[in-house]
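Both complexes shown next keep chain A, but they swap its partner, so chain B is in the first and chain C is in the second.
Showing the complex of A and B:
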């Protein structure tokens, strides 16, 4: 009986059509990126650099690298000099960009469902369900912050694992065990190697 | 990668050499059931007071978080960001095991899984995975019940019936494909978490990967509900089946561990934190 109910409900709600300000923002960027990575013209070897550049532009529009960098350093942020802050933001931005680029370049027709959005003051969340080609469903949360009149992504959670929390704990562990300088060296070598 | 690590514990119990008490339960399944029920009853009783505490704590946290988001001072806002509260006194041992598992993956598991990948097409490998997942229905269903989720229990039961018949012995996940009835991933570690048990000390087990005290207890308890634990009788077959299951699972997730490692500055901490966040979220769901 219950199973029947679950079945009925789930088929009824299987593809909800949600729309809202934040979903529109995230969807716009995601659609742009999907259009680039699934364009057969762009898959040619000679277009690789252009493809990368276009994706990077689309991500940069919506992602707030500064905010992400501050949040990952957390309590270690305030003690840094301006030069250190600047260098860190640039390096960490590169690392995130590359990580995200690696993820979207592997796109192979996954379905993206926009499930919900919530706004609380200048903070907001968009809930997305991704159905992989192996028919596995992955839940993703985008966290956005309002700056001026526009919204920018400052964190992504995949299956409950927040990217920013994860880096924050790595960085905190490195800084408390050795030093900020050591963290910068390791960041640099990771960005270099990953090119 | 996390998923893989999560599932492999079941095979662990099925495949490994067992101490004599467990071997005795193996000969007598009824004993194992009784043990599990006593264990869960004891845990429920023991954890009820803590559950109440956890409940009040979380509402306090919520109120606190709410107050913070409304005040929000400029720069030092970032000072309040949460730093993981993971207890890791075994870090030197854990790091050594992390390196061991890393080597095991790159030197043994991955090469084997790649050859296997070449031989069998993906749909076939997926159907093997479905078959093993279907076999683990008792683990998920019992934990749905223990967590007081009758609807999820019904879903698991329904999925088992549909997948065993329409899906032909569970090789096809007809429930997901035809009816969009999705699996409820519950296990004893989560059940204990629901009743207020904290994760305890973080442990990176050789072969089985990231875990903690709570999830290790859960993994052992769930092992008694794994059909592969009772059948086949010969341990050589069980080890063979478990090995096959691990290789098959790995073949479907090649590259996931690599990308986690590539994105990390300290892969050990990245996996440790990822595991804790992932489990915390699973318990909350």
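Showing the complex of A and C:
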């Protein structure tokens, strides 16, 4: 009897759902996107443009594009004019949209487990496990920054590989070898290709 | 007089030999005898990949510092890095555990950031990337196919 009680109590306290302020923020955006991509009405070919727009809107609410662009350009950011910065932020957003939207649209019922969150002053991380249809877990870390009273994502690490670090290294090597203008041209042609 | 010269020579030879030995052991052991021209920063990694005290800290492929201390806290690797004072590390720099070649030794690679905020001695480098587990990646690839 007592063993049964202990079991019941322990299962009550070790609830697998871990809720917190940051997890709520990430979950809200993820749920919105899942609702869009799993809506049968939205899967129709003629709705493709609207679907893309809705996903982009949901992502825009939670992602801080300025911070992401600044972090990827790193030491090359400070020397840019305001117009160049603005153009780069827009192009970088489009590049990510082109690279990741197809993957998001390929959603086929993967489960998302919100595992943990940590807050350290103005910064926080959310650990998420994406369970594929083959029961493999992919670990994803969202890094967030507090701006005002809300939290915004500025980096995502998938299986330990950071998105910002990946682009930071690529952009740095292009700028060092040629110029910022060359990077912009390459980004433009890359974004154009995907249209 | 002649005997005295030989004794002096042998003594001198011994002293030079001992100095050479001391120099080699300091260089080989990567000991810091001239403290003060370096500073320490902390970094927390979810997987240190078996990095060791004395491993290199590299920026743009250039060896700039050393791993000073490794400890475990809350099942994460707490690593202290020693960096020369003339090298500034930005608050948004990213530290990642990398391997020289496929099976080579581990080192810490720092990609400089663009923030105006510079890390002070004792500060924590927030952005870190753990070591990539090749075995895990290969097994994901192999078994993920089934």
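Heads up, the rule we're going with is that the second predicted complex is superposed on the first by the 180 of 195 C-alpha atoms of A that agree within 3 Å, B and C clash if a C-alpha of one lies under 4 Å from a C-alpha of the other, contacts with A are read in each partner's own complex, and residues count from 1 in each chain.
In the analysis below, contacts are C-beta pairs under 8 Å (C-beta built on N, C-alpha and C of every residue); 3 or more make two chains touch, one makes a residue touch a chain.
Since the structure is predicted, the reported quantities are computational estimates derived from the model, not experimental observations.
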Quiz item: Taking chain A as the common reference for superposition, should the pair chain B and chain C be classed as clashing or as fitting?
Solution: clash
Exercise. Answer with first, second, both or neither: which of chain B and chain C does A:103 touch in the superposed model?
Key: first
Exercise. Spot which of chain B and chain C makes contact with more residues of chain A, would you?
Key: B
Quiz item: Touch check for A:161: first (chain B), second (chain C), both, or neither?
Solution: both
Exercise. May I ask you to decide whether A:190 touches chain B, chain C, both, or neither, giving the answer as first, second, both or neither?
Key: first
Practice problem: Could you tell me if A:70 is touching chain B, chain C, both of them or neither one (first, second, both, neither)? | Solution: both
Practice problem: Applying the touch criterion given at the start, work out whether A:171 contacts chain B, chain C, both or neither, answering first, second, both or neither. | Solution: first
Quiz item: Thinking of the overlay built on chain A, is A:143 touched by chain B (first), by chain C (second), by both, or by neither?
Solution: second
Exercise. Could you tell me if A:81 is touching chain B, chain C, both of them or neither one (first, second, both, neither)?
Key: neither
Exercise. Name the residues of chain A shared by its contacts with chain B and its contacts with chain C.
Key: 70-71, 73-75, 77-78, 120, 123, 134, 159-162, 165, 168-169, 172
Quiz item: Residues of chain A touching chain B in their complex?
Solution: 1-3, 5-7, 10-11, 14, 70-71, 73-75, 77-78, 95, 99, 102-103, 120-121, 123, 134-135, 137, 159-162, 165-174, 183, 186-187, 190, 194
Quiz item: Where on chain C does chain A make contact in their complex?
Solution: 46-47, 90, 92, 94, 96, 111-114, 116, 126-127, 129-132, 137, 140, 143-144, 146
Quiz item: In their shared complex, at which residues does chain B touch chain A?
Solution: 2, 69-70, 75-76, 78-79, 81-84, 86, 122, 126, 150-151, 154-155, 157-158, 173, 176-177, 179-182, 252, 259, 262-266, 269-270, 272-274, 277-278, 280-282, 284
Quiz item: Which bits of chain A are touching chain C when the two form their complex?
Solution: 70-71, 73-78, 120, 123, 132, 134, 136, 143, 155, 157, 159-162, 164-165, 168-169, 172
